[in-house]
Structures are given as structure tokens and as C-alpha cells.
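Next up: the structures, one after another.
Same chain, two partners: chain A is paired with chain B first, then with chain C.
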Partner chain A sequence: MNATTMDSDTAPPRETAPGQSELSETIFRYLCFGAATLLLAALAGVVISLAIGGWPAFRQFGFGFFTSSAWDPVQENYGAAGPIVGTIVTSVLALIIALPLATGVSVFLVEFCPRNIAKPIAVAVELLAGIPSIVYGMWGLFVLAPWFAIHVQLPLMTDSANLPGWLSGLVAGIPNGANIFTASLILAIMILPYMSAVFRELLLTIPSQVREAAYGLGSTNFEVVSKVMIPYVRRGAVGVVMLGLGRALGETMAVTFIIGNSHGFPHSLFDSGSTIASTIANEFAEATSDMHTAALLALGMVLFILTFAVLAVARLLLASEKH
Partner chain B sequence: MDRALRRKITNSVFIGLCGGATLVALAFLVMILWTLLSKGVGGIDLKIFTMTQPAPGSPGGLLNGIIGSIMMCGLGMIIAVVLGILAGTWLAEYGGKTTYGQIVRFFNDVLLSAPSILVGLFVYWLMVAHIIGHFSGYAGAVALALLALPIVTRTTEDMLTLQPNTLREAGMALGAGRGFVIRSIIWKAAGAGLFTGGLLGFARISGETAPLLFTSLGNQFVNLNMSKPMGSLPATIFQFALSAYDDWQRLAWVGALLIAVAVLAVNIIGRMIARETHRP
Partner chain C sequence: MNDVATPIVSRDPEAPIMVRPNGDLVLEARQLDFFYGKNQSLYGVDLPIERNKITALIGPSGCGKSTLLRTLNKIYDLYPGQNATGRILLDGKDLLTDRASMSRLKERDGDVALEPANLDTSALRARIGMVFQKPTPFPMSIYDNVAFGVRLYFKKSKAEMDQIVERSLRRAALWEEVKDKLNTSGLGLSGGQQQRLCVARGIAVEPEVLLLDEPASALDPVSTAKLEETLMELREDFSIVIVTHNLQQAARISDYTGFMFLGRMIEFRPTAELFERPQSTRTRDYVTGRFG
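Showing the complex of A and B:
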């Protein structure tokens, strides 16, 4: 920079002074623009490839693709109801488990925890998000599933005569711990750090006057949190829920390990099942025919539409919270 | 029971539940790390890094997966960092406020949280089915690049927006063009932040498994030619963990430990750098 100033003091500006070249300016600008456009192209490519690749399956099976639970590579008959239901059930169940935990963690860190230990705890919880999905899968398969089979499923089975009918129907299944419920549990642990991090940021945006005013009126901590703080960020909080749901819908490896991978319609919470992502992960590289590949790509398209809808709503709600 | 006492009890229970939720979250972290350490550390020896994956029952290591992972992550990161910094620069410095800029930003967010397996399907369709015609390390690298790209773009934009306008004005007052100011002043000022973006992107892709299953496929031998199918640590772990052989499962735990340690270390380093630079 020094050279430039001295030049302009002593001599008329050179035509090619650093940064003055029209050409390099234009090239750089277009390079940046091109990279941004490539991002758009990548997402468009995802949509187009799934739509084109999945089209034969949509055309062949029509609406029945969504309602049939047949998944038969030998007869070339594919219906996606099993994986679609499995995806939605595991994600919603994961959300039901994770939401109270995430709320508790973020409220604790913002309201009750001494500042100097809140930071390390927050980092530790966020480290949960850094653990690769496949590690969750292995932990689920080798630690959680056996524990769950021995301490939850077997006692329930031996007691099943004493359980009310609807409950024993809900918990029926092979006691190996690989089922819809344990998959949801793993998913819940995986989305917890994302949800609590965003929720914590939301709570921190509440002006301190609002909280202080509520405390000044004599409210207890519980009343301040439940009647003032959470209502204050309610729209963003719905966004957090949708963000968690979006993560859970597309999670692949951890679920593939523990859900049991059966194609049919799941009949109980403790029944094995499959999700869209786990079906693709299991079968795509070994797809037996063109129609099998097409059916898997069509499943991918369904998953994309599901996650896109959920994430778009989440972004809109979170953006509206930032005013 | 009188009202004040009831409110007090409700409050204590609430605080207890919130603290309990935090303990549960921390307990999961500790349990997972403990399992990894107790099952993985015992299996670490020199063979892991010097021998390729064995047949069940014979000695072996994870060399083919480690080399494949390093090569594909490396190439993927180069692509993602170059494109991501350029795209982030465009969003922060040039067109971010235009309608087109907002569309790009929104789709970047969508790509950021899109399921990785769908990105894998796209790259399969594009590269494996159409451009190259078979599974290859290049396809794996492109899939990983597409996963890291939105993170790098997002961080770059955030970091450049943080730089004060006076910096840009000072540069331009000296007669430098806009692109020159960005390249030699703004990028340098935001250097640590851009590096953090790269680290975060790397942390995301280094443990990524799903998209590699049908782009790079896997290879049980060491392969340095990226136009051929290539092994990767996560794909090997997937295959070994679900196998019925004890020694394969032991190797899978070692691999899982290696990946988790690498990812967590990168995460922590990234955080430390970010904290240094945000310090007022």
C-alpha cells in the first residue's frame, strides 16, 4: 500500500496501478458471481436429478407409490408407504423426546447457570453435534440396543399379560433393541444440540428489561420463563422445532444401524422398520434393476420435498423473529 | 397448602428439571465418548496405519480407508474452500442485497441442511451415471465438496460482513479497485474467520458416510487413483460394524475413534480461533 501512496504523490497514476486494472476487477467480480450461481445450480441439480431419476417409478406406480407398502425387488413392485411412515414416525417421536430436553438445557444455561460454567457446558452440549452420525449408529447398535432389549423389552414381554391391550400392542416386537423407538431415541440425542443451541440464542435476544420487569412484579423463575420469556420468542421457538424435525427427517447412518431395516409397515413402537434415508443407504449401491434405482430416487424426491417444506417454514419463522 | 409455598415448590421443581435435562445431555456425551475410548483405544497399534483391511480372522489395519478419506476430503475441501470463499465474497461484497442475492442465500441455507444422502444421490446421478460412468474417488470428493460448500459460503459471508466499512473506504481512498481491496485487505483482515469456516466444513464432511456409499463405493486395497473406486474410513466402518466378525467389529471401533477424535479436535480448534478473533 505504501508504494501506491508514494506513486500518487510523485507521479501521475500508472495505468496498471495495483487494483486499477479494469480487467482484473471484472474477472474477479464474475468469478464471485459464478461461484454463487454454482451454489444455485447445485441445489437445482439435486432437485432435477431426483425428479428425472425417480420419474419412471412415479409413472409406473402412480399414486399407489405412496399408499402401497410392497417393496419387492424381485417382482419389481415398489410402494413407499413403509419408509415414509417410518421417517415421519421416528422424526416426530424424536422431536417429542428432544423438545423438553432442549428447552430444559437452554433455559438452564440462560437463566439458572452461573455464567462462568454456562459457557463450557454449552460447548460440551454442542460437541454432541460434532460427533459423526456413524458413531451414534454404532453406539446405538452395540450399547443402547442391547441395554434396551434386556432392561425394557424383555420385562415388558414377560409382563405383557398384565398390560392393558393397547399398550401391549404398542410394545410388541422382537426383543433385540433394533426398532422404531430406539431409532427415535438416537435421533433425539442427535438433534438435541442443534435445537438447544438455537433456542439458547433466541432466549438471549430477549431484552433484559422484559425479564427484570417480570421479576420486579414478584414472579418466580418458573413464571418468568413460562409466562414471559417463552411467549416472547414463541414464533422462533416453532422455528427451532421445525429445524429439529428437518434434521431428524434426513438423518441416515445412525438410523440405518438401529432401525432394523424391514420394509413393511411398522405395527408397533418396538417393531423394526425403515426410513427413506436408511432404505436408500442400504440398497442404492446394490440396486438390482433400473426400476429399483428409479424407486429409490423417487424416495429421495419425497424426502427432499418433506425436508424442504419443513426447513423453509423453520427459516421463515426464525427470520421473522429477528425483526 | 398456601399459595406462596406452592409457587416456591413449582419453581424448585422447574429448576431441578432444567438442570436434570442438562445433566442428561452431558451424560449422553460422556457415555458415547466412554464407549468409543473403551472399545477403540485397545485396538490402536501400528498395523492400523500400515496395513489394509483384512479378511476376517487375519491381521490388518485401516490404511486403505485412511488414505482414501484423506484424499477425498482433501480434494473436496479444496473445491469447497475456493468456491465457498468466492460465493461468500459475492454475497457479502457485491450482490448480497439484490433479489438474486437473497435467493442464493436462501438456497445456500437449504443446501446447508439438506440431507447428505440426497447430495450423494445427485452426485451419483451426475458423475457416476452420466459423466464418468462408474464409481470413483472424484465423485466422492465432489459429494463431500457440495456438503462443505454451504458452510464455507455462510461463514465467509458472516466474517466479511463483520469487517468495518472504514477498512474498505481506506483502501479505496488509496486508489485501489474494489476487487483489489477485497483480496488484499478484507480477506486478510478476516483470515482467521475464513480459516474457521474451512475447519467447520472439514468437521462436517470428515465423518460423512452416506453419500460415499454410492459415489466412491469403497475399495479394499490402497488406491491412489481417484478415477477408480476408493475406500474411505466411514464406509469401511459401516461395512465392518455390521459384519458378524469380532475382529472386524474391533477395527470398526478403532476407525470410529479415529474419526471422532479428528472431528472433535477440529471443532475445538475452530472454536478457539473463533473466540480469539471475536475478542473485542
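Showing the complex of A and C:
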């Protein structure tokens, strides 16, 4: 008979004993199921406890919790607009700073860099991701902030009369270097390695024939990169952006060190402020009243939702990139 | 007496059997060596390409025919460690000499104005179009795909560009199928349509030579037939070099055929002669299906 038409009836009988009995097969299946369920249960537990814990604050302040910038533990009056805006502004700014850099690094590594140098540079960039965030924070506080105060903020202050009004408003603030902008800078450095690593992977998925076809039409390097390669990974690149944003939103220690930690609504780029994560880190140990704790848990819930939404969008976009 | 081929066959068994075209040569490789790092993959290859003819390159996998094609428009230049020596003459000018000596040569000739730009590598590639094994549409609309190369080198009005796009798509026999959806993505077309889109994109810049690297190997028989028909018609305006694994395809559409083996040109002759009266035993074995 023809070997290729062999079906289960003619399959040779198994000569070795099966490794698992029926019972152990079942146990194995349930163990795997259990492991998966446990993770989901933990996630659900976190969400539920955040919601329950934060509920008193949501109930008492209602929608005002999101719009008021009064954060007054003495008067028991909590409005989270300051930290929420601080979180979004620092994250978006960090993204604006990091995105061109990440694009440059990954395009350079994929397209221009000789292969024997590309590897060390890629590793160096990835090492940036391994630096603990508290080290970034210290560096920010002791090195970046003083430098920034002396070399950027002070000259701008003395020159402020010469600046156009909108710009001097944007850079107003106490010249101590601990502000929204320096926090964004630190964040940018922290999210850069993740973004460039993922972006590099994306660029490497472009078939070499597509690049060659673009070069074959007489394009220069810049034209190939900007008109063909980046559009080719467009949707995935949005995913990269979201991934960076997700990381920036939740970053705590480094930001706590350098953002200045004032609760009000930040009024300029160089004004001190706070983020959700930095507020929680600063105050949780000292939250003695129930309402203070509830307000912090409610903040945690807001951060959770923000981050979850951003990462979910990123996943969706990255998934749709795999044609 | 009865051995008609005697004048062609050389005593040296390694020497290629070359029948040079009588017509005007648009592109010619002479004594071309090619190296991937330290590995040599072409050995002294000669390849004359006659204007407005289809030249096919055949041979078993790894024989160097795709490498030869990639050398002709200097795509290999993108990859460090790949290098070619010898001469590649486009309209009598050597492409392999460096840019500096090229512009000196051109200044002496005084015909700089005829070139779209300096005859540097990018501009050279624009004069020698290439279509790959797998369709390579860019992630943009059908219209923009065709206009891509033109926009790099010329400023055209919308109306002129419309004309160029339509003409190119017509010549690639794709116009009727896509004229109502020019603004949809080129990635949405079928494989055969994508390949003809790539042909349209390649000819939109009016190259002198069109190189095709197994353009039909990923296509079904109907799309292949359409593509072949397109190529036969394009011969009116362009000189075409096609690498193919499909011997029938080479026999059907080409005017000249080169048989390559292990990095050498074994036999280069008018297609009918090569298939009907191969001189080299290697060629004979290959075209009669004895190996490869």
C-alpha cells in the first residue's frame, strides 16, 4: 500500500508505554489552567481592592476628584487634577523627546551601522534599561537638576524680559531644576531603550527586497528610510509609542526625586508638580486618615486604568502589524 | 565538415561559448568577478545585453545568475563586504569605477546635462530598474507606488504625473484592473497584480534596462502568462534581462539566453540556438533536464 495514505488505522502501535496515565494527563491540564487562572485572579484582586479602597473618595468628591486641584490632607479635601495632569504631561513630553532619538538609534543600527559596531551599541542601549530607576532619580536630583537650574533656568530668568510673553510664561518657575521638564527628560532617557529595542525589531522585519526595491529606483538613504521603511512599520511604530507611554505613566522613583512634588496644578513647563505615582510614593506612609488612604487608592485606580488603556491599545496595534 | 559548430567551440574547456549579439549593446559586463567577502561567486563573466531585446539567464540554483543581476545595478553596494571587479558598461561608460573618476569622465565628455543627476549610484539605479522574485509593493497607494521613482527625480505637475502613472500601468497591463482604485493600498492587490505593479513602478522612470529576478516564481500560471505577455510588449521600449528557473519561460520569451554554472558563463547565444543546438555538454545536460 502507499505509505503516504497511511491513516490512524494503519499507524504502527506504540511500542513504548505512554508517559502519562489518563489521571496524570488530567492533573497536568488542570495545573496549567490553574496557573493561568491564578494570574487573572491576582489581576482581578488588585482591581477590586483598588476600587473598594478608593470608593469613599470617589463617592465623596464625585467627578470633582478629577477636576479639582485641591489636595489638602489637613482639610480632608482631595482633588487629583494636579497629579493626573502632571502624569500625562511628563509622559507625553518624555515621549516627544524620546521618539526622535529612538527612531534615530534604531534606524542607525539597522540601516547604517557596520554590523560589528551595531551589536555593542544595541547592547549599550539595552543596558540603559537595566539601570535601576532610583539611580536615574539620584542622578537627576544631584547632577541634572543643579546643572539645569544654573545653565538653563537662571539665564532664561535674567533674559525673561526679552522673551516673548508666551515663552516666558512657559519657562516661569523657581530655578531649582526640579520640575516637570527635567522629570520628562529623565523619563525620556528611561523609556528610550525600550522604544528603540522594539523599533529596531520592527525595522528588521522589513523584507530586504523591499529596501532593495526602493534603492533600486534610485532613492537615497534618507528617502528609503523616510518614505518606505518607516511607513512600512507605521502601525507597529504607534505600538512602540504606546509602549513608551505606558512605561512613562507608571514610573515612580526617578520622577519622585526630581519633579518637585507640589500638589497644585503645574502652571508652566519649569514649574514643580507631581505625578500619580510620585504622590502615592510620597504620601502612602503618612496617610493616617481613612479618606487620605482612600484618595491615594483612588489615584492608584486612575493610574491603573490609564496604563491599562495605553498598553491595550499598544497590543492591538502591534498585533495588527503582523500581517 | 558536418561539425558546423567548430568555429565556436574553443579548445579550452573552461572558456565560455559566446555568440555576441550583432545589434547595439545597451549594457555589457566584461570579465566580471564578484565577491561575497572572501567567497568568489562570479568568475570573469561576460554578458552583452542588446537594446530592445529580452536576455534570459538560466542555470541551477547558486550558479550566480541572481548575483550577476544584482551586480548590474549595484544593489550589492548596500552590503559591506560585497565587491565586484571588472567592467560594467552602460552606454559605453564604466559603472564600477568610483564616483570621482566618473564625474571627471563626464566633464571631459561634456554631456553632464543629459544625466538626471550626477551618475552616482542612486541615479544609476534609476536608469537600471529592477523587479524582484517576490512582489515588493511599497506601503502606499497604487498611484503613489508608480509615482514613487518619478517623484524622486522629476518635478511633475499633477496632470503630467497622472499621465505617467496611467501610461506605466497600461504598459504593465494592470490599468484596466486598478483604474478605479488607484488610491487604495498597493498591498491589497493579488500577487500577480502586485508584481505587475512593481513592473509599472520600475518602468515609470523610463529606465534603459529592466532587470527581473525570477519575477514569476511566486505567481500562478495565469498571472505568469500575463506577466510574460507584458514583458514581450515592453521589449519595444526597454531592454530586459530576466533570471528564470523556468526553461520554457526562457525559451518562450527571450531573444538571447545565457547558461551559467558555478559562477561562470558557460554558453551565451541566441535563445533558439542555445535550446536546440547547445554546444557545451553542461548546457545540453541542463536544458534537456539531465541535471539541475
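Here, the second predicted complex is superposed on the first by the 297 of 323 C-alpha atoms of A that agree within 3 Å, B and C clash if a C-alpha of one lies under 4 Å from a C-alpha of the other, contacts with A are read in each partner's own complex, and residues count from 1 in each chain.
FYI, a residue touches a chain if its C-beta (ideal position, glycine included) is under 8 Å from a C-beta of that chain, and two chains touch if they have at least 3 such contacts.
In this text the structure is predicted, and so the values were computed from the model without any measurement.
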Which superposed partner A:135 touches (first chain B, second chain C, both, neither): first
Touching partner for A:228 - first (chain B), second (chain C), both, neither: second
Contacts of A:115 with chain B and chain C, given as first, second, both or neither: second
Which of chain B and chain C A:220 touches, first, second, both or neither: both
Residues of chain A touched, compared between chain B and chain C (which is higher): B
Touched partner set for A:39, first chain B, second chain C, both or neither: first
Intersection of chain A interface sets (partners chain B, chain C): 220, 223
In the complex with chain B, residue positions of chain A that touch it: 1, 4-5, 8, 13, 17-21, 24-25, 28-29, 31-40, 42-43, 45-46, 49-50, 52-53, 100-105, 107-109, 111-113, 121, 123-125, 127-128, 130-139, 141-143, 189, 192-193, 196, 220-223, 225-226, 243, 246-247, 249-253, 257, 277, 280-281, 284-285, 296-297, 300, 303-304, 307-308, 311-312, 315
Contact footprint of chain C on chain A as seen in their complex: 114-115, 207, 209-220, 223, 227-228, 231-232, 234, 323
Chain B residues within the chain A interface of the complex: 7-8, 10-11, 14-15, 17-22, 24-26, 28-29, 31-32, 35-36, 39, 82-84, 86-87, 89-91, 93-95, 101, 103-104, 106-111, 113-119, 121-122, 124-126, 146, 149-150, 153, 171, 174-184, 203, 206-210, 213-214, 217, 234, 237-238, 241-242, 249, 252-253, 256, 259-260, 263-264, 267-268, 271
Contacting residues of chain C [partner chain A, same complex]: 73, 75, 78, 80, 122-127, 129-130, 132-134, 136, 138-140, 148-149, 152-153, 187, 198, 201-202, 205
